[in-house]
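Okay, handing you the structure first.
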Amino acid sequence: MEDTRLALVVLVPLVGAILSYVLGRAAPRIAGILATAAVATSFCFVVSLWQALEGGQTFSFTLSSWLSFSNIKLPLEIYFDKLSAVMCLVVTGVGSLIHLYSIGYMAHDESRPRFFSYLNLFIASMLILVLGKSLPVIFIGWEGVGLCSYLLIGFWYTNPDFASAGRKAFVMNRIGDLGFIVAMAILYHSCGSLDITVLNRPEVLARIPSEMGFIAGIALFLAATGKSAQLPLFTWLPDAMAGPTPVSALIHAATMVTAGIYLMARMFGVIELAPLVPAIILWTALATSAIAAIIAISQNDIKKVLAYSTVSQLGFMFLAVGVGAYSVALFHVVTHAFFKACLFMSAGSVIHGCHHEQDMRRMGGLAKSMPLTCLSYGAATLAIAGIAPFAGYFSKHAILESLAHAHNPYLHSYGELIGLGATAIAICTAFYMTRSFILTFLGSYRGEGHPHEAPMVMTAPVLVLAVLSVVGGLVLNHGFFTYLQGPLPPVATHSGGGILGSVLGSVPGLIGIAAAYALFIVTPAVKDQIRKVLWVGEKVSSGKFFLDEILGLLVIAPFRGLSVVVSRVLDQSVSIGTGNAIGGISRAVGELTCRVTTGQVSTYVLWMFASAAFLLYCFLPVR
Amino acid sequence: MSFMEFVLAAIGIASAIGVVGFRNPLSSAFSLIVHLLAIAGLYALLGAHFLAVSQVVVYAGAIMVLVLFVLMLLNLKSESGRRIGIVRSALTVGIGLVIFLSISAPMLAQFADLPQATLEQNIKSSEGGVKAIGELLYSQYMVQFELSSLVLLVGVVGAVMLAKRKNVQLMPREGGMGGVK
Amino acid sequence: MTIPWPPLSSLIVVPALGALVCLAPWFSSKIDTKARFVRLWALGVSMLTLVILAAIARAATMSHGAVLGLEEAHQWIPSLGITYHLELDGLSFAFCLLTAIISLAVIAWSAKPASAGAGWYALLLLGEATVMGAFLATDLVLFYIFFEAMLLPVLGAMALWGGAQRLNASLKFLIYTMAGSALMFLAILYLGWTARAMGHTLDGNFAFEITTLASMKMLNPTEELVLGLAFLLAFAIKIPMVPFHGWLPDTYREAPHGVAAFTAALLGKVGIYAILRFMWPLFPTFMVQAGPYLAAAGAVAVVFGALVAMAQKDLRSLLAYSSISHLGFCVLGIAGVSTMAMTGAVFQAVSHGLITAALFLTVGAVIDRQGSRDFDRLGGLARSIPLTAFFLMVFSVAAVALPLTSSFVGEFLIIVGSWKLFPAWTTVALLGVVLGAVYTLTAYLRTMFGPLHDTDPRTGGDIRGFDVVVLAGLAAAIIALGIFPADLLGMISPAVEVNAVPSVVADSSVALGFSR
Amino acid sequence: MNALVPFAPVLALSIGSLGYLVSGQFLERARLTSLFALSLIAAAAYLIVGLMPMAPTLPHGFIINDFSKFFAVLACLGAFVSIIGTASSLAEEKIGMLSEYYFLMLTSLCGALVMIFASDFLTLFIGIEVASLALYCLCGARVTKESSSEAALKYFLLGCVSSAFMLFGIALWYGVTGGLAIAPINTAGPLVILSFVLMMVGLAFKIGLAPFHLWVPDVYQGAPTSVTTYMSCVVKVAAFAALFKIALNAFLLPTEWAVGILWFLSVLAMTVGNLAALQQRSVKRMLAYSSVAQAGYMLIGLVVLGDTTSVLASSVFYLTGYCAMTIGAFTVLSVLGPDADSVDDLKGLVKRSPFLATSMTLFFLALAGLPPSMAGLMGKVYLFTGALSSEFYGLAIIAVLNSALACAYYFRVPAAMLFQAPPTSEPVKVSVLSTFALTFCAATVIGIGIYPEPLVELCEAVAAVAAR
Amino acid sequence: MDPITSYLGIACLLFTIGGIGLCLRRNAIVLFMCVEMMLNAVNLAFVAFSKIHGNLDGQVAVFFVMVIAAAESAIGLAIILSVFRSVASIETTDAAELKW
C-alpha cells in the first residue's frame, strides 16, 4: 500500500539536513533545534505507520523509477513492514534523543550547523537503509550512512588523525560493500530481481545454484562485517571514536553498526542457502566478540572501552544470526541501542564535564559531581552485564539460549563449546564494564579542574535511555519475537523464564561484576599480581591484538608497495617509457638519416650510385 | 674489332682513367681532351662522320676551351688536403663494378649474336653523313631542333645572370687561391 | 526518420560559426577589448546549442515517442561513396547532451588562463562542434574527420595556455592519437572498399555508411579480427585504455583547467561511443571473441589506474589516473553483450564526463588559489575555502560512486550486467571500488583536511559568482541523474540494443562463442 | 599554320619570354616584369585549355590529350601562383636581374610543358634539360649568398648525373626498340627493365624520391625561397607527368617487375623523408624532406596500379592538392624574408601577422592530412583506398604509419607560430599579390578537401586517358 | 664478340669510370668533366645502337646531347665561378655548408 507518510519519514530528516545547515549558518542556535525537530517528526510518522501495521499489512512508496529501463525493474522504492518498523523506531527514537543531547554537547562548537546537518543526513540514510524495498535501495542507505559516518568521524577535520580515522572507516566499509555488490550481482542474475520481498520466497531462492548461494551468503556477510565491525574489518570502529561523542552513540553504537544484523535478518533466506555460511558467521562472531572483550579490559580511554564493547556485543548479535535466531539478534539490537546509547551519552557527559578528558585514569569519583550521569551509566552497565531484570539480560539470555538450539550440521559437535565461549564473553563484558564504572565514578577524582554535571538538555535524554535500559527488556520481552514472526523465521525461545531462571541467567554477569569489584576496589594488589603473571595477555590486549599492525602489514603495505611498483615500473617505465622510447628511436633514426646528407657532392653521388647499383642488383632478373 | 678500334678504345679508356686519376685538374682536362678525341675517332670508325666532326668541334673545341679557360682563370692547383680514404675508394670501385656488370651483362647478352648480314646492312644504311642527319633534323626532329635553341639560350642567359653582378667586383682573394676558406 | 527543423547539422554548425565569430575581432585589431562580450557570446552560443539539442530531442519525442534514429543525410563525394550522414539516437543523444553541458560549463567557468582572450572561447566552441560531429556522424569517413578534428582545438588550447611543458605534452598527445587512428583510417578505407568489391553498394562504389556496412555481413573472421584490432587501437588510445595512456599524464598535467576538464570529459568518451556505435555492428564476431580480453583490459585499467593514482602526489595527475580507472568500468561494460552493462557503460561515460569535468574545474580552483598542486603544499583548505571544499566533497563522493549520484547508476549496471559474462574480471574491477575510495579520500584529506597549509595563497578566496552556478549545475545534474536516471537509460538502452545486441544474437555461430 | 597549333603554348611562352628578355633590358620595373611574366603564363594556360586532343604523330614529338593538358595547366597554375606569391620578396632576396630571372623561370616552365607534352624520349629529355638548366641558374640567382651558389652547384652536378642516367636509359630504350617514341613496347627482357630502372633513377631524382633525394634538402634550403616555391611544385608536376607517361604508355605498367622497384622507392621515400624531417630546425629543409615523403605517397598510385585507373587518379589528385600546400608554405616563408628559415624565425608569427600564421597552419595541417584543410586527408583517403583495393596492405600500412609519424614535425611549425612568444612584435607586411596567392592556396586546400567531387572526377578522366 | 657489341661494353665502362670519378674527386670542374665523360659514354652507346638498328635516330640524339652538353658547360662553369666567388674555392668539400 502506497503511503505518503513513508516518504515523509525519509524526506523530513533530509530536508532537515539542508535546512539546519542553510538556516544554521545564519543562526547556529537554530540548527540543533531544527534537526531534532526533524527527527522527532520522522519518529512521529514512524509511530503512526507502526500503529497502522496490522497483520500482514505493509506500506511502500516509490520515489523514482530509478534503474528501471528496458525489462529491468529496479525502482527506488521504500517499504515498511514489521522488521523495518522495529529498526525505524529505534533509529528515529534513539536518534531523536541523541539529537536532543547533541544540542547540549555541541553547544560551544562553531560548526554546529554542519554537525546537525550531517546527523540528519545520517538519519535519513539510515531510514533508507532499513526501509529499502530492494537491495540497491538498501545499498543507498548503506553507503549513505557510511558517508555520514566518514564525515562525522572526521568532523574535527583539522586534526589529521581524526580525518584519517574517518577515511579508515569509509575504506573498510567499502571492502564490505564489495560483498554487497557481488551479492546483488549474483542474486540479480539468479533470481532476476533484487526485491527483498521477492528474494525471500523459497521458489525464488531455489533458482540460485548452490555454489552461487554460498558466495552470495558469504558476500552478504562480508558486507555485514564491514558495517557491523566484525573480524577482520572491525578496527575502524575503535578509531571512529575520534568523532564527537553523540556520533559515537548514534552511529557507532545504536544504529549504523547494527545495519549488518538488519541485513542478515532481511536476507536470511540467502544466508541459510548454504549451511556453511551461518557456521562461518558464528565462528567469526565468536572470535570477534571474544577478542573485542579481551581488548576492552585493558583500555583506558572510556570511549574506547565502549567501542570494543560495542564490537563485542555486535559479535553477540551475530552469534544469534549464526544460529538462525534473527529476531533474537534484532532484540539484542534494540536493547543494545538503549543501553549502549545510554553508556555513550553518559560517557559524553563525563567527557563534557571533565573538560574533554577521555582517559579514565584521570577521572574517578565522579559519582559525587555527576550523580545523574553516574546513575544512568550504572543502570546501563548492569544492563549490558546481563543482570536481570535489566534490558540486556533478556536479549543476552535469549542469545545464549538460542545457541543451545543450533541445528547447523557444521556446528553439531561444537554446541557446548560455543555456549561456553559466549558465557565467558558475557563474564568478560560484565568485568570490563564494571571496571570502567569503577574507574570513572568511584574512588577519588584524579584529573584537573572541577568536573561538573551536564546541562539538563543532555541529562534528560540520557535518563530516558537509562530508563529504557532498565525496563526495555522486560516490556518488549513478551511480544517481540512473535511480533517479528511475519518477516522473520520463528525462534524456539521462551526467554526470561521465572525468577529462578533470571537469577541463574544473571550469574555470568554477576561473576564479572564481582571480579571487577574484587580486583579494583577490594584488593588492587592482587590485580597488579595478576597483571604481572599475565603480562603477555596484557600486552596482547592493550596492543589490541595487533590487528591494525597485522592488517597494515598484510594488506595496506602490500597495496602501498604495489601502488608504487605499478606507478614507477608499469606506468612510468613500461607504458609511458615505451611510448617515449619509440619516439626517441624514431628521432635517432631520423638523425641518422639526416647524417647521410653530408653536404658534399661526392657523397651524394656515391649514394646515388650505390642506390642505383642496389636497384639494378635487386630488380634485374639476371645477376 | 679492328686494330684501330682497339687502339682508340684503349686510349679512350686510359684517358678516362686519367681524368679521374690525375690530381691536377689541368692534367685531367687535357686527359679529357684526349678522351674526347679518341671517342671522336671511334665515331668516325663507326661511320658517324658528322658526329665525329661535331665531337671535335663542340666538345674538344668549344667546351674544353671553356673549361681550360675557367681553370686558368681560377688558377687552381692540385686538389689539396686529405686523400680519399682507401675504404671509400674500394667501395666506390665496387659499386662501379656492380653498375658496370649489371648494365653491360644483359646488354652484351642481348646484342652478342646479331645476324651478321642485317647488321652490315644496317651499318651501311646508317652512315651518318651531314646530309642524312641534316635531313632528319630539319624534317622529323624539327621541333626538337628548335627546342635545342632554347637550351642554348638558357645556357647563355643563365651564365650571364650568374656571372654578371651589379656593384660586385670580381676580387681575387689574397694569399693564393683554392682551398682556403 | 527525419525531423524538418532544426536540422541535426545545426548542432555542429552553430558552435562552429559561433567560434568563427569569436575569432573575428582577433583578425581585425585588438584582442582583449571585447573580452566580456566574447564570453557572453560564447555562452549564448553554447546555450543555444544545448537548447537546440533539447528541442530536437523534444520534437522527436513528441512525434515519435522516443529519440530514435533521427537522420540527416546528404550526398557528399559520390565518386568515393562518402556521404554526409548524421544520426541522433539515444546513444548519440546521451553523448551529445554531455557535450553540450560540458561545453557550457567550461565556457561559463570564469577561471581561464590569464592571456586567454577570444581564442579561448573560439577553441572551446570549435571543440564542442567537432565532438558533436563525432557523436553524430555515421559515415565512417565523416566520423574519422571529426575524430581527428576534435583533437585540434583541444591541442591548440593546451599548447597556448598550458604549463611549462605544454608543447611537449601536446606533441605527445597528437602523436599518440594520430598513431592510434592511422590504422583505423586504413581499416575504414578497407571497409569501404570491401563493400564495393563485394558488389554490395547500389552504385557500384565505395560505401562508408555504418548501417549499410553493418547490414552487409561481408567480413570473414580474419578480416574482422584485423580491422577490429585497428579500430580498437584507435579507441584504446583515445579512451585511454592501459597501456595506451602514455599521453594522458602529461596532457592532464599541462593543460589549463578548462581544457583538461573538456578533454577528460569528452574526448575519451568518443572511444567508448565509437566501440558501441561502430565496432559492435561492424565486427560482431570479433567483439564477442575480444570480449573477455576487453573485459580484462577494463578490469586491469580500473585497478591499474587506481593503484597509480594512489601513488600520485600531484592533484591533477591523480585525477588523470582516476579517469583511467573510471573509464575502465566503461570498457568492462561494453565488453560483453548485455543490455544492462552496455547501457550502464554509456551512462557511466556520461556520468564520468560530468564528474571529471567538475572535479577538474574544482581542483583547478584549489590549485589556482594555492599556486600548487602538490599534496605537500596543500592542506586544511576546508576552513579557508569552504564552498570549494563542499563541491569537491560532492564530486569526490560522486567519483567514488556513492548511490544517488550518477556514477553509481553506471557502475552498478556495469558490474551487475557484466557479472554473468565475466565474473572474474568484474571481481577484479570491484577491487577498484575500494582503491577508488582510498585515493579519492586521501586526496580530499590531503587537500582539505588537516592543519591549514595556507602559506602562499595566490588569489583571494573561494569560488564565487558564476562559477558557483556552474558547479552547482553540474552537481545538480550528477545527482539528478543519480536519482532519476530512468529516462536517459530508457533512451540509451534501445539504441544499444539496436546497435550491438541483435547483430550477435542473430548469428547462431557467434552465439556459440558467446557463451564465454 | 595549323601545324604550329599544338605548340602554341610552348611557343607563346618561349617567344614571349625571349621578347620579354630583350625588352626587360630597357625597363627594369619589378612590378611590370612580374606582371608580364604572369600574363605570359596565363596566356599559355589559356592556350593549353584550348588545345584539341591530338594523337602523337611525327614530326611533332608532342602528344596532346586530357592527361597532358591537365598536367600542363597544373604546372602553369603552380608557376603562376608561386610567381604571384613570391614576386614581392624578390627585391629582398637581392635578385637584381629580374628580367633574366623571369626569363629563366618562364623557360623552365616551358621545359616543364615540353616534358609534359613530349611523345618521344628525345623531346622529353630536351624538356627535362631546358627545365633543369634554367633551374640550376635560378637556384644560384641569389649571387650574394653563399648557400645559393652552393645549392646551384650541387643541383647542377647531381642533376647532370641524373640526366646521364636518364639518357642511358633512353639509349637502352633506343637499343631495344630502335626508336625514340614513347610507344607501347612489344618486347620484354632484362634490357627493358634495365632501361626502366635507369630512367627511373633520373626521374626519381627530379621528383626527389629517396634514395635519390639527397639534393632536395640542400637545394630547397639554399635556393632563393621564391625559386624553391616554384620548383617544389612545377618540377614535381612535370616529372610525375613524365613518369606516368613513360610508365603507362611505354613500359606498359602494371608489370610484375616494376612493382618491386616502385614499391621500394615509394616506401623508402616516405619513410626516409619523414624520419629525416623529424629533427630539422630549418623549415625549408623540413619541407624539403616532407616533399620527399609526399612524393612517396604520390608514387603509390603508380605502385598499386591495377586494372582500374582510379588509383592513378588518386595520385593525380594528391599531387594537385600537394602543389597548393607546398606553394602556400614556401610562399609564407618567402614573405617572411630571404633568410627566414629556422623554426625560431616563425615564433609567435600569429602575433605579427595572423593571416600568415593562419594560412601557414592550414598548409601544414593539409600536409599532415588533418582537418580543416582536408586536401591532404581526402588525398590520403583516395590513395589508400586505391592501395587497399589493389591489396597492397603492407604499403598502405607503412604509408599510414608514416603519415602519423609526420605529424610530429608538422606540428612544430604551427606550434612555433601559434604557441610561442615572438622575438619582436613588429608586424609582417604582406603584399597584395602574396595575400592573393596565399588566399588562393588556402582556399584550394580547404576547397579540395571539403568539396573534392569535381576534382576527383577530373582526375578520374585524366587517369583514364593516361592509362589507355 | 662482335665489334659493335664491344662498343657497348666500352660505353658502359666509360660511364662507370665517369661515375667513379664523380664519387672520388672533389674539384667541381673535374666533377663536371666526369659528367661530360658519362654523357659521352651514353653518346657512344647511342651511336652503336644506331648502327645496330640501322637508323639515324640515335645519331640525332647524340647531336642533341652535344648541344645540351654545350649549354650545360656554360651554365656549369658560370655556377662554378659563382661558387668560387663566394667560397674562394671550387672544392666540393669547401662548398658544403648546406647539410643535414
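Think of it as A, B, C, D and E in the order they're written, each chain with its own count starting at 1.
To be clear about the criterion, a contact is a pair of C-beta atoms (placed from the backbone, for glycine too) under 8 Å apart; a residue touches a chain by one contact, two chains touch by 3 or more.
Nothing here was measured: the structure is a model prediction, and the numbers come from that model.
Considering the contact criterion stated above, the chains in touch with chain A and with chain C alike are D.
Listing every chain that touches chain C and chain E alike gives A, D. Averaging Cα atoms per chain gives one point for each, and the point farthest from that of chain B is the centre of A.
For chain D, the chain with the farthest CA centroid is A. With C-D and A-B as the two chain pairs, more C-beta contacts join C-D. The chain closest to the protein's centre is C, with centres computed as averages of CA atoms.
Rounded to whole angstrom, the centroid-to-centroid distance between chain B and chain D, based on C-alpha atoms, equals 30 Å. Per-chain Cα centroids separate chain A from chain E by 95 Å. Computed from the mean C-alpha positions, the centre of chain A lies at a distance of 77 Å from the centre of chain D. With centres taken as mean Cα positions, chain E sits 5 Å from chain B.
Within chain D, residues 122, 126, 129, 133, 136-137, 140, 143-144, 152-154, 157, 161, 168, 172, 175, 190, 194, 198, 217-218, 405, 408 each touch two or more of the remaining chains.
Multi-chain contact residues of chain C (touching two or more other chains): 175. Multi-chain contact residues, meaning those touching two or more other chains, occur in chain E at positions 8, 15, 18-19, 22-26, 28, 31-32, 50, 52-53, 55, 57-58, 60, 64, 68, 71-72, 75, 78-80, 82, 85, 87, 92-93, 96-100. Touching chain pairs in this entry, ordered by label, are A-B, A-C, A-D, A-E, B-D, B-E, C-D, D-E. On the side of chain B, the complex with chain E involves touching residues 1-2, 5, 9, 12-13, 16-17, 19-20, 25, 28-29, 32, 35-36, 39, 42-43, 46-48, 50-51, 54-55, 58-59, 62-63, 66-67, 70-71, 73-74, 76, 79-81, 84, 88-89, 92-93, 95-97, 99-100, 103-104, 107-108, 111-114, 118-119, 121-126, 128, 132-133, 136-137, 140-141, 144-145, 148, 151-152, 154-156, 158-159, 162-163, 168, 170, 173, 177-181.
If you check the complex, the residues on chain D that touch chain B are 7, 14, 18, 21, 58-62, 96-97, 100-101, 103-104, 107, 110-111, 114, 122-123, 126-127, 129-130, 133-134, 136-137, 140-141, 143-144, 152, 168, 172, 175-176, 189-191, 194, 198.
Only residues 153-154, 157-158, 161-162, 165, 190, 193-194, 197-198, 200-201, 205, 211-212, 214-215, 217-218, 257, 260-261, 264, 272, 274-280, 405, 408 of chain D touch chain A when the two sit together in their complex. Within the complex formed with chain E, the residues of chain A that make contact are 594-595, 597-602, 605-606, 609. Contacts from chain A toward chain C in the complex involve residues 63-70, 72, 76, 136, 139-140, 142-144, 147, 150, 154, 157-160, 163-164, 166-167, 170-171, 174-175, 177-178, 181-182, 184-186, 188-189, 559-560, 562-564, 566-568, 570-571, 574-576, 578-580, 583.
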